[in-house]
Every structure is written in C-alpha cells, then in structure tokens.
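Note that the chains are named A, B and C in the order they appear, and that numbering of residues resets to 1 at the start of each chain.
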Amino acid sequence: MILHPAILALSIGSILISLMLILSAYFGLLILKKWDLKSGSEVQLSLERKTYLISTVMAYAFSFQVLSFFLFIYTADHLSPLFSGAMCAAGTLNVNRWGYPTFLLKMINFLFAGLWLIINYTDNRAYDYPLIKWKYGLLLFAVPLILAETIIQTSYFLGLHPDIITSCCGALFTPEKQGITSSLIALPRLPLEVLLYLGAGLSIGEGVVFYWKGKGGWLFTFTNGATLIVAALALISFICLYIYELPTHHCPFCILQSEYRYIGYPIYMTFLGSGVSGIGVGALMKARSIESLKEIAPRIQKRLVIFSLLCLTIFLIISGYQMAFSNLKMVF
Amino acid sequence: MIQLQNIKKVFHMGKPNEFVAIDGIDLSISSHQITVFKGPSGSGKTTLLSLIGSMARPTAGRIFLFDREITSLPERFLTEVRRKTFGFIFQQFNLIKGLTAIENVMTPAYPSGEKRGSLAKRAYELLNLFGMAQKASVRVDWLSGGETQRVTIARALINHPSIIIADEPTAHLDTKLSIEFMDIMGKLNQEGKTILIASHDPMIHESPLVHRVIEMRDGKIIRN
Amino acid sequence: MTWIEKQRNILDYTLSSLFRRKGKNLALIGVYTCIVFFLASVMFFTYALKREAALILKDAPEMMVQRLLAGRHDLIPLDYGEMIQKIRGVESVKGRLWGYYFDPTNGANYTLMVNEKHFDSGSVIIGKGIEKNLPGDQFGTLPLKAQDGSYLFLKIKSTLSSDSELVSSDLILISETDFKKIFAIPEGYVTDLTVRVRNPKELTTIATKITQLLPDTRPILRDEILRTYDASFNWRGGLLLIILLGSILAFVILAWEKASGLSMEEKREIGILKAIGWETSDILLMKFWEGTVVSLSSFLLGVILAYLHIFFSSSVMFEPVLKGWAVLYPKFRLTPFIDFYQVVALLFLTVVPYTIATLIPSWRTATIDPDMVMRG
C-alpha cells in the first residue's frame, strides 16, 4: 500500500460511508417489514424518523460518490510516476486486477445513488409515501454494491506497490492487440459517428416530445442510455485522437491531465449527469399513475429531461469543438 | 372546521407504564370562536391541544382540519400544516434566549423562504401593534413578563395563522396582564381568528369573550 | 428563489446560534484547527521536499556509474570511463569529484563538489547555510582541514543562489586541486562517472552492457532515483499521517460527543423551533450549515497556519523527524509551493470523518418531539 494522503482519504471516507450505509440498510429492512402509515403507533413514528436519517446518509453518500470518483481518477493519474510503465491513470489502474473494477463500480454506484435520490425526492413530495417499498428495495440493492466498491477499492490500494511494472494506455488502448478494449478501439469510425449523431438527434427529439406530450419516457431513457454508450465508444475510438492530436492515442484517462486543460472532467461530468437524469425519467414513469404523484412526477420528469439533454448537448459541443479545432486532420 | 373522531392518545403503548392520556374524544370546533378547555391537572388538555395543533399524532382516531384529514400525513406535511395554520402561545413563553425580540418573532417564518427584508418589516409591524416597537432589538432575556407575553403573541401571528392555540397563557401573569391578554384575544377573534385556550384560570373561563367552555377529566370530555 | 432565501435564513440563524454558544464551539474549532494544522504541515513538508528533490535531479545526468568495493561505493578509475565511451550509443562520459566534509567547530556536514569551470585553486563558492555558520572574523576565507592535518585557507568568491535551498545550502564548490589535496585522492581516480546517451530509450540496454563489461560497477538511472525518492517520501510522510490518523480518530470521538451531548437548553431550543414550524429536515439543514461553517473555518485556519509554519518558520516542528539523515544539517528554507490537489485530499481526510461523526447525533437532535416544549 502507498500511504498517500488521497489514498487514505478515499479509504477512510469509503469505509465510514459504508458503515453508515449498513445501518441505513438495516433501517430500510425494518421499514420494508413494518411500515404502516395508517398507524399512529410509536413503532411507525420511529420508522418515519429513520427515513430522515436514511435520506441524509444517502445524500452524503451521493456527494461523496461524485467527489470521490474524480479524486480517485486524479489520484491514479497523479501516482503514475511511481509505477514503471504507467504514464497516466490507465497504467495505475492496471497495476493490479482491482483497479478497473473499482473504477467501474464507482460509476455504477454514482448512478444508483443518484437514482435513489431522485426517487426519494419525488416520494417526499407526496403525502402518502407511495414509493416507499420501491425506494427501500432499491436501497437494499444498491448498498451491497457500494460495500463491494469499498472492499474492492481497499484491495486495490493494498495491492499498490511502487516498482510494479505495468502497462499503460499505449499498450492497453491499441487496436493491434487482442481483447475487448482493442476491438472497441478498432470500431469503424464512420458508423459510430453516424450512430452518435443519430442517437443524439433521437434523444433530443424524444425528449422534446416527452416534454410536451408526456409520452415515451422509457423510450427516452433507452435512447439516451444507448447514445451515451455510443458516445463513450466514440470517445475512445476517435474523439480523443483529436484532443491528443495524435492519430494513435486512444486513452480515456490522459484527457484528465493538465496538458489537455482538464477537458476530461467536463466530459465525464456531463456524461454521468446525462446518464443519471436520463435513467431518472424512465424510473419515474411508474409514479405518473400514482394518485398522489399525478402532478408532481411529470414536473420532476420534465426537469430531468431538460437536464439530461443539456448535459448531452454540452458533451457534444465539447467533443465537436475539440474535433473541429484540433491540429490533427484525419481523412477516412 | 376542526373535527375529532374517536381520538385516542396512548403513551408507552404495550409497556408496563402504558398510559391513556386521551380516551376516545369526539369533538367538533367551529371557526371564529374562542373555545376554552378546562379541567384538573393531568386531564389531558395539553395533550389534546398538541394533537389538534398537529404537533403529535393520535394513536387512533381521525382528525380533520378544514375537511382535510391530517391524521396520517407524513411529518413534512404535518409541519407545513402547523406552520401555515396555527400560531402557538406556550405556558413557559418559550422564546429563544439570546435572540432579540424581533428575531424571535421572525424565526417561525425562516423555513418558508421569505425574504428577510419583508419579513423583518412584518415582524416590526406586529411588535408595534402590541406597543413593543421600541423594544424590538432588545434581547428577550431582559424583557418583563408582560413584554415577553406580547412578543410571544406577535411570534404566534407572524405566519398569518387562522387558529391560535394557547396553553395556560396566563399562568405566569398577574391579574392586570391576564385581562390585557384576554382583550388581545378578543380583538384577534374579531379579526376572524379561531382561538383555543387550555386553562385553569377562572378569569378565562368566566370571561364574557369566551364562546364555549369544554370540561375534561381523565382524557374524556365531561361537559361541553 | 425561495430555496435560496430559505438557505440564507437558516444559515443566518445557524451563525447566530453558533455565536451564542461561543465557548463550546471555539473549543471544537480550536481542536479541529490543530488537527488540520498538523496534517497540512506534514503534507506541505513532504511535498516541498519531493519537489526539491525533483528540482535537483532535473539537471542530473541520465546515468551515473559507481564502483563498488565490498559492497560500498569506492573511487572509480578514469580508465573505466574510456571503456564505457566505446560502447555504442554512449555520447559522452565525465568523471565527477565530490564528497562530504565534517566541520567539527560547527558540528555540521558540508557537501564538497568540484566544479572546474569557473575556478582557480585557492577559492570556493559556498551555500547560504554555510555562510550563516561562519564566524564573523574570517575575512572572507574558509579554513578546511586536509587529510594530512594541515589547513587550507580558501578565499570565498561568492555565495550560491539557486531554486532549491535544500541542495545549495550546505554546498561548497571547489577546484580539483584543492579537493584532491583535502581528501588525498590518487591521480587517475574520480568519485563517479556520469554517462550521456544518444537515445534515452537505450538507457537500460547500455546499463546492462556496462555491468557486463565492468562487473564491479553499478549504473544508476536518474528515473530510478526519482522513483525511489518519491516512494520514500510518500512512505515517510504517510507513516506520519498514520500516526496523525490516531489524532483524527480522537477528534472524531470528540466531535461525536460534542454533537450528541446537547444541554437541556439546546434541546429546548430545537423543540421550540420545531413547535413553531420548523421541520425535521430544516433542523438537519441547520446542522449541515453548522458543520460546514465549523469545518471550513477550522480547515482554512489550519491550512494557513501550516503554510506559515512550513515555508516561513523553517518547519521548526518536523525537521528532526522527517529529514532524518541530517540532524546537523544547516538551516534552510523550503520554496513555498502549494498544490490544489493536496489541499483537496486534506479536505477529504478531515471533513468527511467529521461530517459522518456528527451525522447521527444531528439526526437525533433533529427528531426531538416538538410537543415536548408544551410541557414544563
């Protein structure tokens, strides 16, 4: 283990948050079992009080998730000089087998925590807790994932020994090798680009339709999600080439470095922001048919659609700008 | 406008020290009246007022406020109802020590997100109404009993409540101040406020301003 | 808009409530500031040292070759240099002469280094630290005791100025003749060799060739030194951080206790707020602002104090601990340097535990029954 302040901060933060989440999950379980809004019993009163604790814990956990995601990649980037062969986060994450799983789980848990807060926000606006079972079901599902993240992250940090020889973006993200990443990178550019703009166009169209007509929420969620996946592929397959102005450098992490004006951060933020609010739209479709949320849910969904499209648009503008004003010119 | 149906409040239910404070009360209170609850100590007056004022929830039964059931509302909404509908005057005054009179009057309105400027103006007008304008920026710790009482009333009125709940309001006041208090209540009643008072004080029971006296014993209504 | 106004109102109330309980809150802020101060000092110090090391090594040659005798660094013959020069890919080989000199009058260690360029024998250039150590009556000369017991009185030409005081502070630049006289170095020998290569990618191959050709030598690559430095600084700094984590833990317990041990009066205040129309989440919001104000003010204060401590008071508290290898080292000043990333890491390290420690107590406070205030 490397005793770096950021590593200590991340580990301690994750462990503490996990402890709070275990407590929340336990309370969530109690709520699922014993909740009875009609009753004025003391049990019910104490359960209702516990919902405040859980909401607060989740809000803190989500904020921590967002900040720790960026702190984590920045740290990986920062530590790369310690490992032979590592030039950026890609190499540091590759030092042992827990690096990339931690990274992925951080993104997934970001989505879950965000989704939970969206549902919680909606539920709290109704006078009869209509989403309570659903909400705490989701909580019981998400907490183990966050615990897994803590454990895997800890294993990752424990397995970081200076001097380990690793391979970095140059080797990991090349089309020459065999493997998933290589085949992703080798994806043909033209179809991908067409798909990206088609997906973005469709998302915007569906978003607008949903905004005015209130129809096709799930469709929007799926199109938006698919577009984002295409966007991620496009990022490593060709967009980042323009950022690096190198025809062969496909790394999704170097864009976070100061040489590239930290352009990766807004890219990641808009990507995640669009994702979580897009999923939120679909997740709230069910709530529209609930009596006490009939008016509230659509209003929240509209806001989510706008936010999601806004993020997507910024994402496209940033990447389009990078491509248009790059010194790299590619013919294909 | 306020309706109670078979309301029960049991403390420590199912435990050896179980105690039934309110034992099945049916009651309907009409608007624009001054209603007084009387009865011996421990008869459940305070408990009943806190149930009506949506500060606590009944163990059983239903409460309607303006024809809307509030019994099983989540705490969030219950608080909103409380903030918008009720103004409270407590026996111990319960002002916040260390704050000035005007800050105390403003405090109940903070969560509603009103601009501080307009809020301060309204609080000042209320204090002025009760002749407390020149004491607005005095810390409440230094105020006399009567002045404290008037700040308390001003605070109860800041959110434009339609119902005022007062629990033993005259317990710490002398006769002159008690009369003054009832005069103020009478005025507020004329402006259209509904007023609920719990008290032992015969001066309140016998006041000509009171429309209705309800007598309680052991958590039940014995005379209406 | 009402959302912002609400935050402002509640923040206002929180501030006034913090002021009303000055004693309790100042004690907490004081302890919090101390914790941040120590952690930040450790971090600034290690990072500054690391940066100094990087500055030194920036101009260092890509490769150094030393001779080993019985596992220890020994003088290397210049013939070795000629042999290395013949390896394909080697651009140039130079010999260096340097060593340490113990000054018994000051009890200090100096680094002597031969610099041919601007020297005639009989004069030296010295670092700031040595200049400070000199007694006033030397009239611009530096006496150095040679191996045979005689003294050399060398004229001080000038003092060094450099980016990094850490290196230059104890440095004496000297001519080859004087150096050899002081340490009695035989002709044809140097301390070590520096090698420049044409293509940096071939460094490792050339290093292997050197060890094959001259088995009693050890090539050292600059990148390797950098990495070792980095690792060792991280390790030492981290070790201290671990010790300090104990203090964080103690602080967290204190914060927990402070947050849960509410006086009757504070409880009553919360009860009143709830009774007159504040909701549980409003109280939680107030507690959130309270935590934010306390953490941020302590954090800023602690960081500023640490900055002053490390860069303007020569890190009085840590020198013996962290520098380790040179207790008798002349005083030096670290170059002020602050990295936003370090500060963020520190913010995480202190604010997250504090926030979580106060979470449950705040929630307990916020869920006080409002009807409690209706009873005596």
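Throughout what follows, contacts are C-beta pairs under 8 Å (C-beta built on N, C-alpha and C of every residue); 3 or more make two chains touch, one makes a residue touch a chain.
Everything numeric in this text was worked out from a predicted model, so none of it was measured.
Asker: How are the chains arranged in terms of who touches whom: line, ring, star, complete or other?
Answerer: complete
Asker: Report the chain closest to the protein's overall CA mean, measuring from each chain's own CA mean.
Answerer: Answer for the innermost chain: A.
Asker: Centroid of chain B to centroid of chain C, CA atoms only: how many Å?
Answerer: Roughly 63 Å separates the two chain centres.
Asker: Report the inter-chain centroid distance for chain A and chain B in whole angstrom, where each centroid is the mean of the CA atoms.
Answerer: That gives a centre separation of 49 Å.
Asker: If you average the Cα atoms of chain A and of chain C to get two centres, how far apart are those centres in Å?
Answerer: Measuring from centre to centre gives 35 Å for this pair.
Asker: Using the touch rule from the top of the page, what residues of chain B touch 2 or more other chains?
Answerer: Each of 75-76 in chain B touches at least two other chains.
Asker: Could you tell me which residues belong to chain A and also touch two or more other chains?
Answerer: 49
Asker: Can you pull out the residues of chain C that are in contact with at least two other chains?
Answerer: 280-281
Asker: Mind listing the chain A positions that touch chain B in their complex?
Answerer: Where chain A meets chain B, its residues are 37-38, 40-42, 45, 48-49, 124, 127-129.
Asker: State the interface residues of chain C toward chain B in the complex, per the touch definition above.
Answerer: 1-6, 8-10, 12-13, 16, 20, 265, 268-269, 272-282, 369-371, 373-376
Asker: Going by the contact rule at the top, pick out the chain C residues touching chain A in the complex.
Answerer: 39, 43, 226-227, 230-231, 234-235, 237-239, 241-242, 245, 280-281, 284, 341-342, 344-346, 348-349, 352-353, 355-356, 359-360, 362-363, 366-367
Asker: Could you list, by residue number, the parts of chain A that touch chain C in their complex?
Answerer: For chain A paired with chain C, touching residues are 2-6, 8-10, 12-13, 16-17, 20, 49, 52-53, 55-57, 60, 64, 67-68, 71, 74-75, 78, 81-82, 84, 162-163.
Asker: Flag every residue of chain B that touches chain A in the complex, lowest number first.
Answerer: These residues of chain B touch chain A: 12-13, 57-60, 71-77.
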